[in-house]
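As written, the chain order gives the labels A, B, C and D, with residue 1 at the start of each chain.
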Amino acid sequence: MIKTLGTEDTLENAGLTDEEQQLFSNARPRAYEPYPIKAVEDFANWARANSLWILAFGTGCGAIELRPLMTARFDANRFGVAGRPTPRQSSVFIIGGYASVKTLKRIIRSYEQMQGPKFVIALGICPINGGMYFDSYNTVNRFDQYIPVDLYITGCMPRPEVLVAGIMELQNKIKAGRCDGANRYVENFDWYKANQKKVIKNWDMPDYNW
Amino acid sequence: MTLSTGHSAALDFAQPEPPDLSSGKYVKLWQGPQHPGITGNMSLELVLDGDTIVSCKTHVGYLHRGFEKLMERRSFIQNFTVVCRIAVPEPTFNEYLYSHAVEEISGIEVPERAIWLRTMNLELMRLASFLMWIGGQSGAFGQYTVPNWTLAYRDYVLDLFEEMTGARIYHMYIVPGGVRAGLPDGFEERAREIMKGAEKLLDQIERVMFNNVVFKARSKGLGIITPDMVDPYGIVGPNARACGLARDIRKDEPYLAYDRLDFETISGNEADAYGRAYLRLQETRQSINLIRQCLDHAPTDGPFQADMPNVLHWKVPAGETYVKAECTRGEYGYYMVTDGSEFVRRVHVRGPSYTHAIAVMERLAVGTNIADIAGLMVSLHTYPPEIER
Amino acid sequence: MNLRDLLSPFFVWQRAFEKPYTSIRPTIDRPGAPAYRGFHINVSEECVGCGSCHSICQNHAIDMVPAAEFEGRTGDSGLRPRFDYGRCCWCGLCVDICTAASLRMSNEYAWISEDPDEFHFTAGVDDKPWQNNEHGYRRAEGYHLYPPKRIEMDMLSPDESVQSFEEVARGYSEAQAKLEADRCVECGICVATCPAHMDVPDYIHSIRDGDYEKGLQLMYRTNPFPATCGRICTRRCESVCPVGILGEPVAIRWLKRFIVDQVDAKDYPRILNDQIIESGHRVAIIGAGPGGLSAAYYLRKKGHAVTVFEAGETAGGMLRYGVPSYRLPDADLDKDIAYIVSLGVDIRYNTRIGKDIDFEQLLQDYAAVFLSTGLSVPSNMRIQGEDHARVLSGLQVLADVASGRDPGIGSRVAVIGGGNVAMDAARVSRRLGAEVTILYRRRIADMPADEEEIHESQEEGCNIVPQAIPVEIIAADKPQQVSIKWGEAEMVQDPTGGRPRPVLQEDRMHTDTYDCIISAIGQGSDLDFLSKENQQQLAIEWGKFTPGEYQQSALQKVFVGGDVANRTADAISAIEDGHHAARGIERLLNPDGFTATQTDNTGEPA
Amino acid sequence: MNELLERLQRHFDVNNINVLKPGMTTLKIGKDSAEILIRELRDREGYTHLNFITCIDYIEDGIFTLVYMLHNYDSKHTLGVHVDIDREHEEMTSIHTLWAQAWTYQRELREMYGINFPGSPRLDEDFCLEGWDQIPPMRREFDTRVFSEERFGHREGRHSEVPRVHMKMELYPKRGGDEE
């Protein structure tokens, strides 16, 4: 049984049945606070930047260029990149292009389950402004409305080479301490949730999964 | 060999009664949608008794973009850029079938050179797709060496595509009326070199993967498809050929230049995961052979595009057609209805995974060990985006 | 299980000795293939801003935005494509359709940013590192998304055409017209170039739809002479048609003609349905040429009582007298004029201002006057002996033929001049059975006449002698003949940068004898009916008016237009002058109800 | 081929026979006898392979045309069976007992067009969509672009001009065709 917090700063979890309410936490997410000593934080960021574990969830067509990334030709392992099958072990979520509404629900769940600090790279045109499917009834157009994105890579499909460049860019950003996507998510949690619930009509999961 | 493929009354494809989950005897497990073993997102709702599957339900729709709706509001030329997105590992089959359907309805004759270039493009695609599949099949059984080989080598085939078409994944090369360009200089030599390497790689794979005792042990006897299942379940392509049916659209109802290419339909007699995998390995080799033949025969000059009307306001006459081609997974088809306007009335895309991943998968999964389910899924060569489009 | 199966996986190890194929710096080491479809390049100087890329883009990734001025092609719309890389799918259809072949793709593919709003750029205007990339996708030779060649118009063969005054161009069949109409990319650049700003893409669209009545309605919005313009228009629209940059321009003129040919004159009132509510104002128009009648049409539509004063016997002005019937048959000109007259326009023939009615009288009697007297006086060659009886004016010859009189040119004729009147005079002479030589001061390429006219006159057997300067007309031995002394000219570059000047070569003189010499080197205006005082007030320079806004002259009530008031001196400009003057007169007479044409400027993609 | 069509015409009320190309024919049959015809084709005429089932929305005629595409591997012939059903009473006999994959198609048609197939398994389960709260999306009256704009929105900052209008504004604002 998970501890239920007091009512003033908790989530409603209105999508859950009474029975399920007991099984999930209603706590709000907490923002990441850097270490008070800058050198320690810098070291931590250096370490984070060099062990980017990617969640192996190809959410769209982009997945097809993620696979060659791990082969000898592009060898992403040398950048400390490795694929992990579970969000619990991953720190980078690569949104592989378009997100259908059904997948968006899983993306939100997976993203919230990832341990912080966590980063999101959006691949391709579709997360930027709808791309190829700007008029589709089942794909979202502006991905940043639902999940904070740290880095966008345009292209359809972006090639593995530019993915490598993107990963290096992300590393630089992390080392500089500028990857605050997860904190933005926490700070604007209600805004993100409202956007998410606007498109996901059968919200039958907790408001925050962790 | 004559096989009975008729519908026997004994075959019962009624939905099984759902197991009583409240009995505490069963465990319900969701596999997917983010399962790393397959190309594309699809989830299986499995009910387990111990580690044996007693019921399986396929859930799709994670990649649904509503292509058929989108195509109804795009002009005929615009659609050709959309269709290739339907199946990411094999975009060119979509391009070809869409173009062919439009050409058939509007009576456009494609020039000879375009026919050969199209054939070559499709066979290169088959090679790339099979290389990826071999890696997937091997990876699903826990061998991570072969996928790294094949995917890395697939990249060389993608390089060929990049040269030929200008893009790695979404080639958008086959347009209604022909193709977009001829071959670049020196393409033939590079292609032949890559074919040579691919052949060598396949020999190594045969040794390392197909002779591997673990692979053999896990894949033999897994997911057996019997000939009498084929038609009732709508099984096509290598899945059907592996159980002895020599059905190949390239041979039976030749399209493009296939009637001028020298090849035989390959069929096997072991319809388990191993048999299917081996058959696909053979077909990969055959594909290399066909690419070489295309390189030999393809004309190097002459027009590669038919005379086209102004595509900005191209009205295709009212008509209806169904065109199909043999993709790596079997019969891929486009059903198109036009009404004389600038937009298509209806396109239905028939992907072979539609049956393989749902009806067939749900049946074959029952009784399988949970550890083999990914291997089984890959061995049917399912590709979810073509189911939900 | 056998030993072989157990051992074979270990063959993996043999790979350890192979050369590794990891690319160390992927983005640098691996540029896109030479024909890779990467980021867009636009050569702004070549782009005409036709917006075909915008039309074909299925993702609505391309916006047409105003860009700074470029020294571009004529007809440039001033817009340039702006790409949204949150939409573009790099299909390259925009490159394929690009009418000017200015849009290309580079083989660059890397653009990473934190800001999703950053992925926009105007290709060729915004500074991007790939703008000068030499690689990347280009449209392949022989690959077209619209037919580059125009549908040939059936023409009488030169042998047949010189036999009679029958119309040379036979007109499109319905199938031909539809095929030709199909080539239009509907950019609308022609609309700006057309002096009358006709709705060209719209009426071409109506041909594709087979709705010719709508096409006719569209044409009458801006031009009450479609049958005429469909035959003899100088078609500046075609010179800027973007389809013509890589192929041949859409045959806009022939398509216009096709629409008119499909509609019977007796259906005009029903189709055009011009409702006239009398306004009570009276307007006088001087000259029943295209300018005057165009003004009459649009003024009549506003309900004003229109009286046209015409010095000649018939209406049509230069269209009637100056254009031979093998180019513009009388029946087609009458089709246009008859409809204008049918709205209640009163034309007073054989009425010359200054002789039959005084100009001052008009100013008193009418609320406004539109003056479009045209250029009716042939210019002099200003050489000795040109008042010889066998020196005829080109206009006179044409007018005689148009009126059914024999101009009496004889069997060997020299035509002096290189304009359309010269070509017409020459071709008319051929039809009258004469052997024709055309003498022109400059080179053939410098001739002001339509290229087509020049070509056709050559085909019909006119002998063009370029760089020939007439020096003197000499009486010949026989009274029915006349001799001309002319000298060859060399083209000399103008040091100030103007066009090259012909310089007479004194040592290369020729003298030829002809049955007559037709002088067609230009025309001037006849404004003698205006008093000195009026002439001063109306600011006439070189025999021409310089009208102000809405064609208004310095006298508030007087509006001017047509050849007498514009530089181009062609029918379509006169028609627009008439239309615009009608607008000005409407503004004068009815200042409260007047609104200038306004269209909303939204470019939201459909 | 002709014998088959003759046989079918003798026993069934088929019409609109249309030979699209060698190897492919379509025909139309009434809603009530369609299932029997398809069963007959499968069991007696060798059309053992069901290529697909799909639907065309003829909103202007108020009908849905269901298309059953059947293939005979021996004669290499494809037969399209068209069945018109009323758009208002969108219901059709299920053929899920004939082919194993038929119910999947029927499930899709249920979701995308709202057509009911009584007795077909798992018919009302979500197939591709989840939590769909609009009219079935493949129906012609559903405008996907409008829906997408309303629900998902687009990035701001886009503006495009029409060359023709732009040129009029810039070059000849007072000329050209008058608005009627």
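Rule of thumb we're sticking to: a residue touches a chain if its C-beta (ideal position, glycine included) is under 8 Å from a C-beta of that chain, and two chains touch if they have at least 3 such contacts.
Model, not experiment: these values are computed from the prediction.
**Q** So which chain is the furthest away from chain C, centre to centre on CA atoms?
**A** In terms of C-alpha centroids, the chain at the greatest distance from chain C is A.
**Q** Need the CA-centroid distance for the pair chain A / chain B, whole Å please.
**A** Result: the chain centres lie 31 Å from each other.
**Q** Between chain B and chain D, what distance separates the C-alpha centroids? Give it in angstrom.
**A** A distance of 23 Å separates the two centres.
**Q** Where the CA atoms of chain A average out and where those of chain C average out, how many Å apart are those spots?
**A** The answer is 59 Å.
**Q** Whole-Å distance, chain C centre to chain D centre, using C-alpha means?
**A** Here the centre of chain D sits 49 Å away from the centre of chain C.
**Q** Out of chain B, which residues touch more than one other chain, so two or more?
**A** As it turns out, chain B has residues touching two or more other chains at 61, 64, 66, 69-70, 73, 82, 152, 170.
**Q** Could you say which residues in chain D touch two or more other chains, in rising order?
**A** 128-130, 137, 142, 144-145, 155
**Q** Spell out, as numbers or ranges, the residues of chain C touching 2 or more other chains.
**A** 21, 32, 84, 86, 89-90, 116 - these are the residues of chain C that touch more than one other chain.
**Q** Take each protein chain as a node, join two nodes whenever their chains touch, and name the resulting shape: line, ring, star, complete or other.
**A** complete
**Q** Looking at the complex, which residues from chain C come into contact with chain A?
**A** Chain C reaches chain A through residues 20-23, 26-27, 30, 32, 59-60, 84-90, 109-116, 119.
**Q** For a test of understanding, state which residues of chain D touch chain A in their complex under the given definition.
**A** 128-134, 137, 142, 144-145, 147-149, 151-155
**Q** Which chain D residues qualify as touching chain C in the complex?
**A** 155, 157-180
**Q** Could you list, by residue number, the parts of chain A that touch chain B in their complex?
**A** 55-61, 63-65, 67-68, 70-73, 83, 85, 98, 100, 102-103, 106, 110, 132-133, 135-139, 156-157, 159-160
**Q** Residue numbers of chain D touching chain B in their complex, please.
**A** 18, 20-21, 23-24, 26, 42-43, 48-52, 54, 56-57, 67, 69, 73, 76, 78, 80, 97-101, 103-105, 121-122, 126-130, 137-138, 140, 142, 144-145
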